[in-house]
Structure formats: C-alpha cells, structure tokens
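The following pair of complexes shares a single chain, chain A, combined with chain B in the former and chain C in the latter.
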Partner chain A sequence: MIRLAFCILALIAFTAILVWGQDDALNVPKTVNAGAAFSIPTTGSGKGTLWIVGPDQVVKREVDLGQPIAIAAGDLDNAGHYVAVLASPSGTQTAQFDVTAANQPASISFLARPSRLPVDLQNGITGAVYVFDSNRNLITTPLPVTFELSVASAPTQTRTVTTDQGAAWTEMASAQKAGNAKFLARAGDVSATRVIEQVPGTPCDLKMTAHKDGNKVGLVTDPLRDCSGNPVTDGTIVTFTESWNGGQTTVDAPLKHGVAQAEVPAVLGARLSVATGVVMGNEIRWEGQP
Partner chain B sequence: MGGRLLAFVLVAATVALIVVGTMWPVPAAAAYAGINRTGVVLSAATPQGAVNDLAHTIGQQNWGRAYSMLDNKSQFTQQEFIADLRGSYPGLRTYATLDNFETQPLHESDTQAQVQLRLRWSTVVGTFFDTRMVQVVKTGDHWSPEWPLVKEQRVPPQVIPVNYLRWDVIYRGPGDDWGAQDVEAPHVRIVDMRPVQRAAGVAVLGELLNEDVVPAYVSVKASLLRKDGSTLATEEAFDKISHLLLPKQVTPFLIMFPDAELSDVDSIHMDPTSNLVAASADPVIEIQNQKVSPAPYSVFSGDVSNQGGQIVNIAHVLATFYDQSGQLVWVGDQYIDRALLPQTPVPFNIPIPEDLARKVSTERAVVATYNSGEFQ
Partner chain C sequence: MTRQLLVLGLVLAATGAFGADDGAVRVEPTNLQGPRPLAKQTESAVIRDYLQAWQGLDAAMTQNRPDLLDENFVGLAKEKLTATIADQVKAGLQTHYQERTHDIKIIFYSPDGLSIQLVDNIEYDEQLLDHEKVITVQPVHVRCVAVLTPTEVQWKVRVFQTEPL
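Moving on, here comes the complex of A and B:
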C-alpha cells in the first residue's frame, strides 16, 4: 500500500516537473514521414539532452544548444504519435508530433478465403488486403487496390477498391469451370497472388448401367459431372445398392477416371440403385439381361 | 481425534475390501489372477469340468497346456489352435482377453458328451462372444475335450495390383507469409438428426455427409440444452461413427447421454468437426446378403467382403435403420473380431432393439476400417 502511494506521488512529481519546468515549446514539424530525415532548431547555449519517445521506440541524444538537431533518415521509422523533450540547465522544452506512414506501398498482406470452394458460388471468395510502407507501417491514407480473379478459359474478374484505414476487401464469385484460379491483389507496384481451388459441385444426373459378369452383375456409372458440366473429382464415393425380397447388398465405390463401378450378386428381380452423397441416381430392375 | 478416527475407518475399509475381493472375486479379476471361479468345477472327472478346465486354461493364455488337454490334437497343430482363438492376422481377437465363460452340458453318454462353451472376450471397444459345441470323450477315467477347430481361411501368396486414389496433404509451414492460406478444412454437414429416449438415457442419432472433394476426419459433439438455455450434458460420438469420410460419403452417428431424460431437453446443439487428413480410397468393402430378421429378436446380418488387396485388421460395421417414411429409427454397430482378408466374406450380426425393430423398413450399412499402425 505504501509502495503504491509512493509510486503515485513520484508520477505526480515527474508530471509537475515536466509541466511547470518547461520554458517554451520545441519547434518540431507537426507531421513527419516515417523514416524521413528532419531537423529540430534549438536556441540558447550549452549542452542539453533530447529524448524522443514514440511507439516501440525511444531516441536519446546529447545536443549542443543553439545548433539544429539533425534526425537522420531511418531514425524514426514507426508511425504514430511522438513526444520530444529537450532538457537543459536552463529548463525543459517539449513538443508533440506525428510520424505517418509513407504513401508509397512497399508490401501488402493479402488474405484470400477459402482456399477451396465449389464452382459457381456467388460471393464465395473473399479477399482482404492490408497495405504497408517500406517500414511495415499500415498506410491509412486511401489508396486504390485492384483485385483480379483469373481462371483459364474464362474472363478475368476485376474489382478496384479504395482502402479504408489501411484495409480493402472484396467478394467475388467462383467460376463455372473447375480448376485453380489465380487471385491477385495489387496496390501501386506491389502485388500478391493466392491460388483458389475451384472444385466441381454436387453431382448432377447420376446414371448407371448394369451388365452380366459371370454369376455377378457389373454396375458402372456414366462419367459423373456436376450441374456446370465439370467432371466430378476422382475418389468421390458412389453407393450401389441391390435390394431384393428380404436381402440387400451395398458397395461404396470410389470414382476412378470419372466412373464408379462395382459387382453385386446376380439376383433375378433385384432392384439396383445408385447414389452419391444426398443425390440419388437411376434404378434398374435386374431381369437377367446378357 | 478426528484424524485418528478417519485413519481407523480407512484402514478398516481397506481390510474389508481386501477380504471381500479375496473371498468373492469378480470373474475378470479371478481370470487375471489365475483363480478358479467359485462354483466352477475344473476337473476332468466330468465332461463339463473338463471343458471348464480347458476354458480356464485358455483364459490364462496357457496355450501349451490347453492344447495338451485336447483329445483331437493330432488333427491340428498348436499354432492352428492358437490361430483359431486369436486369429492368424492381427485383429480384435489378437488383443482380446477372456472375460469369462459359460458351459452348458447338452447331452452325455457313458463315453461321449457334448458341452456348449460360450467364451466372452473383452476388448477396448467392448465384448464379443465365441460359442463352440465341444465334444468330450471319455479316455480311461477322465474326460478329454475335442476342440471344434474352425480353420481360418488363408489367402495364397499373390500380388494384387490396385490403383486406388490417395490424398496427401501439405499444410501451411512456419516460414509462409502471414496472409498465406492454409489448406481448407473439409466441408461437412449433418443431413439428419433425431433424439430418441431409451431406458439408458437419451440417444441422439444422425447422419453426417462429407460434401467436399477431399477426405475428412470427422467427429460430432452434441449438447442437450434446458429451457433456460443452460447445458444439461455434452457428449461425443466416440466410436459410434465412421471417423474417416471420403468425398460424398455419409456416416451414421450415435451419441448416448446416460441417465438423461428427453423431457428435460428443450433443444440440442450439434457441433460437427472436420479435419483434412491424408487418406486412401482403398480398401473397398462390399456388404453382401444384408437382411433384417423379423421382430421380436430382430438382427441385421450380412457379410463384409474386402475387395482390396491389403488385409484389414479391424472392421467396424455401422448400420442405420429407417422407418417407412425414411426417418431415422436407430443406429447400431458391430466390430468384426477377425482380420478381413481380401475377397473373404466375414459375417456380422447387429441386434436391433426389440421395441424399434417393428418400425424398421430399410437399412443402410457402412464399414469403417483400421489397419495396425495407420488410420485407413
């Protein structure tokens, strides 16, 4: 308790020294570009100490009063609000100023989601961009950002969005054709690319045929496509079911080279059906065809 | 004073429990400790005693002694005898321990008898029974059992070419840019869900679909919520689900809430999760000759057949039962206790609860497979 009270009193005393001890304000530019050189003129004579305190950065300099203090390029590279304090035997001078990001984009962070989605999905793709200067400061002044979504054999979708507080985002539709899409974001001369995998959607028009194969029935689907005509990805599970009075056989077969096939026992009068996921296909009644 | 009393009570309780455990051991503990079960005669003086002794010796995994007790040991080797009980290929039987056994004399003459032996094996995923009709013959003044050996089918040495798909995954690395995407988790969806009140509690049944084009490792968690929104209980499907779902594959799931009452539940929060995993489309398992025997002792039976080229160590059959309107009625399951060899059908039997069996109109089965050392 005593320690806390002591700390509070010390803080009040330090603030009082700063407020009452200062003679006049330092002449510092109100705004400085991050990483840029500038100078601070001083008056009087003798030696003094300059502190510049800002976000994640403190600069301390021993200075000759009466000479301008040169702040070299790269000394202050973090954007934010700074306080400069010049302490000398004759008193203390303070000033507050802002270091702002340069307006020239040097890098961008590009978040593209999702990395994989079905074809023909409106506003399914989201891209968000954060624009940074060469010192990795977020550039908060409005800047145009261009988004381009391109896929082979389809026109490129382009959007230009102005950044708001350093960020710009957009939504785009996935193409009708499956394949990898190149999603590019560009701000000034800087760009970043992500790959969006556009995969076939739900299978459409599932059909199979049956043929006799020894004492079994061979079942083969037609090449499986989604509703946009894209071949459904190999490995997709297709379920073949054979039902007869009092019995049933089921095979979960993966799609290979676009088709799925299975063999089931040959039972006269059996009902053969096919499905994938929640999509049902055609039905065949097995009457013992050759 | 209070501490001394507590110490005395603890010592007295420990002594009492030791005495009770020694005098009346549970069958499983007795089997582990090599103690004979109370009331079970282990003597070759009677047919039942001889079979009891054989079963007891099997429980101790004293294969040499068990084999030497057999009257028909000239018909097969000790290795074949062990393979009959434990499986030639690693499977659920290989890791099972004998929990207990029952013997039932069926008929007896002066020189021959028949005894039914029911072995109850215990595994990490539950118990299974192995029932054998054991012939017992009298040799001199003692009875010797003849082991009804079921020869395991063997697959001849061969090369089976397969070219099934396999999915491998490269995840985002530590050196990748902050904004770089990781591989997207598979999109899964619960396509059906229904709570059912059972004597043991509330069962939440459902079906989960992998609607993506990549394999998914899935799990489902459910929370029962009261009217005020507070959580009554949360449970997972654990093994009552096929955790690996290939693209467009559907798995049933069953989540049990022991001692819960459906009348206390206002709503249910379902939480399916999925992770992208490396997987193979092999092996394809065919389910043949599925049929449901009529109520009251309704059983869903069939044969599972491995269409691939590799041996499946453990197969788990999950069955979904629907009523005439296509509504979920029940989800049942059974582990196959032997390894699934290529092209070798193995039967399964999944009992359907008596009160639900009459509602069952159609059924659907899936098989989850596991191979030693890797998840298939």
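Moving on, here comes the complex of A and C:
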C-alpha cells in the first residue's frame, strides 16, 4: 500500500516537473492576414522580449509585460508559418501561427509561349500564371483567372480557369488570320499581356508555271498562300529542281512579294519540280514550249 | 524511480540530439495538372534540388550568410530569404532549420517547361538563437509550397512559402 502511494506521488511529481518545464502557450491568433495589424496579450510586469521567426521574416521586440504587444500593419507581411516566443522574468511562452496571403491579387507572373507560331494551330499557344498579393505572397486559395487571346478581325478566345495552389494554365489555338495577337491573363483587377506573333502557316497548293527565256527556262510560282488564305511570308525559300538523264539543277529562291522565281537551263525532256519546306508543288515536263 | 527518470531523460536527449539528422523523404505519386508530361529524370532532379535547397536554407540562416542561398534560390524566394538574413543579423539572431520528414508531391509542370510547383508536407525543428544563446527549439509541421525554375545546370527555388496544413 505504501509502495503504491509512493508510486502515485512520484508519478504526480514527474508529471508536474514535465508540465512545469514546458513553455506556456502564448496567446497569438492562429492565422493572420499578411501585412495586417494584430496584438498579442501579455501578463505580468516588467520588460520582456518577443521574437517572431520564420524563414520569410524575423521580428524581435523589447516589450512591456502586462500590455498587449501591438504588431502594426506592415510589420509582418510575408506569408508563412511563424514561431513566436515571449521571454519574461517568469519564464518563456511560445506559440505557432500562420500568416496567410491576402485574397486580392496584386500581381501575376504570366508565362506565355511561344512568342511566334503559325496560324491555325490547335493548342499551339500556352499560358501559365502564378498569382501574388500586394506583398508578393503566392495566393494559394482558389481564384478565377481569365485568359483572352485576341487578334484584329477575329473573335476573341476566352477561357476562365481556377487557380490550384496559386497556379493556373490554359492552351489555345492560334487564329486563322496572321498578325500580332494579344494574349492577356487577368486575375481580379490585375492583368498581364503578352504579344504572340501569328505568322502564315505552311503554303497550301504550291503551283508554278514555266516559260522559255532565251536558252533558259523561267520558272515562277503563283502567289503563295497558306491554307487559311494568308500570304506566305516573304523570304520563305522555294526550291526549284530540274532533272534530266544524268543531270540535275537546283535553285533556291526566296519569296518576294508573294512569289518566287528562278531560271534553269532549257533541257528538252527535263522534269521541273518545285517545293518549299515539306510541301511539294506541281511538276512540269519541259518540251520546249514558248 | 530516479533511475527510471534518468533512463527516460537519456532517451529523450538522445532522440533530440541524433534523431534530427535522419530526415525521411517520401515522394507522393505525381498527379499533375497541365499537359506537359514529367520525365522521371526531371522529377528526380527537381526533388533532389528542392531538398538541397532546404540544406542551403538551413546553412544560410544558421550562419547568416546570404551567399549560401545562391546555389539553390533565385528571384522572389532569394530576395525574401536574403531580407530575413539581414533582419537576423541586425537583431543578433540565428535560426536553424533541422528537417525531420518530407512528404513531397509535384502538382504542376507548366506547359512551357519553365516552372514546376510542388507541395511538401514537412516536419522540422526550428531553433532560435539570440546572440548564440538558444532561446527555443520548436517542432514544426507545415505545408511548404515551392515553385522551381530551371537554370543552366539545376532547378532553383523561385517561390518558397510555408502555410497551414
């Protein structure tokens, strides 16, 4: 019986030592908005020291115990998890709390790719955003983000996506009409714009004609257009090839004012062909026409 | 009883002294939002570089050396952590972040391949020293959200934020 009583007393004493040795809890709000003012009540009297520490910010203050500690607006503006410690002559109190990003977007990081692409390409344009508050904290609560792709004389494509952990993305098709497109991402009242250059696509229906030019054959293409009717960009290389038994001549000519032209030796029975990139045009057998 | 308390104390002391170095890392299966597939090598590189970033963070914060952030952080994350170190120096503080466990999940690979976002359910011990005197050691369990971007040879942390679980 005595031994049992001794054991109980020892257990109580041990628990008391453990509890006594532990830090008391400091009364800090569980979550605080980034940059917002808040206060921490204190007890006792005299001077103490407060530390608030986290990877994104540290604060150290000498404080008057018995008075609430005022953390002014803007003092703690980085979102994150913080440990607060108050040391006073009577001991140490600790707490952990979170500073959360404001839900009002103030800036967005907008990655748009590519900066240049052919027209009429499905899912050819991609955009990704990260949304930040006024203190440059990532807003991880879901927010709607609107993406708009607009080009003159074509309807604007719009997509609204909800952010997941601060990120949102979309894919869009390039327009059928060549020209600069405005790619815009908007979250709340802030937006960012990128310019995407939409260039004509691969030529559609490459066709040439041949005519005699002295002892040579003049070759000229019809005006080159892509499959959406956009004129193919000047400078695009068109390759003319003349083949005959045992011989071949090749001429690379850049597109000028929408057409490409070249001269090759007039060889009766030669086969004349034209190509640009992966697009093959028509073939002509040279029979000495005028 | 004294002997039992002594044994208990030794066990607790040993746990505190040595247990911290055995940071366990668990990587959750990737469930990406976004159209870009994530190659296994890229995933491994991102996880490796993110874990190195924690080591770099700890070294920089413990030694109050912002240059130690250069290896693993860029942009916003580096700016904010550098500012923290400046504040620590001004106040005579040091902080020591001893990772205990990581539970990492990659959640977003941007379509352009220029950013990867992950969340890490992390446990660590945060030690605060004021003029080299230990003020407190607190076990912390939070969620870390990080965005990494590729550089010439590795991924670096561009956004680094802890938040409630």
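Everything below uses one rule, namely that the second predicted complex is superposed on the first by the 267 of 290 C-alpha atoms of A that agree within 3 Å, B and C clash if a C-alpha of one lies under 4 Å from a C-alpha of the other, contacts with A are read in each partner's own complex, and residues count from 1 in each chain.
By definition in this document, a contact is a pair of C-beta atoms (placed from the backbone, for glycine too) under 8 Å apart; a residue touches a chain by one contact, two chains touch by 3 or more.
Here the structure is a predicted model, which is why all the values come from computation and not from measurement.
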Chain C versus chain B on the shared chain A, clash or fit after superposition: fit
Contacts of A:K47 with chain B and chain C, given as first, second, both or neither: neither
Touching partner for A:A262 - first (chain B), second (chain C), both, neither: first
Which of chain B and chain C A:R113 touches, first, second, both or neither: both
First (chain B), second (chain C), both or neither touched by A:T233: first
Partner chain in contact with A:K212 - chain B first, chain C second, else both or neither: neither
Partner chain(s) touched by A:R285 [first = chain B, second = chain C, both, neither]: neither
Chain B and chain C, minimum CA distance [Å, superposed model]: 8
Contact residues of chain A, present in both the chain B and the chain C interface: 111, 113
Touching residues (chain side chain C, partner chain A) in the complex: 1, 5, 33-35, 57, 61, 76, 80-81, 83-84, 87-88, 91, 93, 95, 97, 107-108, 110-112, 114-115, 117, 119, 126, 128, 130, 135-136, 138, 140, 142, 145, 147, 159-164
For the chain A and chain C complex, residues of the former touching the latter: 7, 10, 14, 23, 31, 49, 51, 53-60, 78-81, 83, 85, 87, 92, 94, 96, 98, 100-101, 111, 113, 123, 126-128, 130, 136-138, 140, 164-167, 169, 171
Chain A contact footprint on chain B (complex, rising order): 163-165, 167, 177-184, 191, 209, 211-215, 246-250, 281, 284-291, 302, 307, 363-367
Residue numbers on chain A that touch chain B, as the complex places them: 109-117, 192, 194, 199-200, 202-203, 233-238, 241, 246-254, 256, 262, 264-265, 276-278
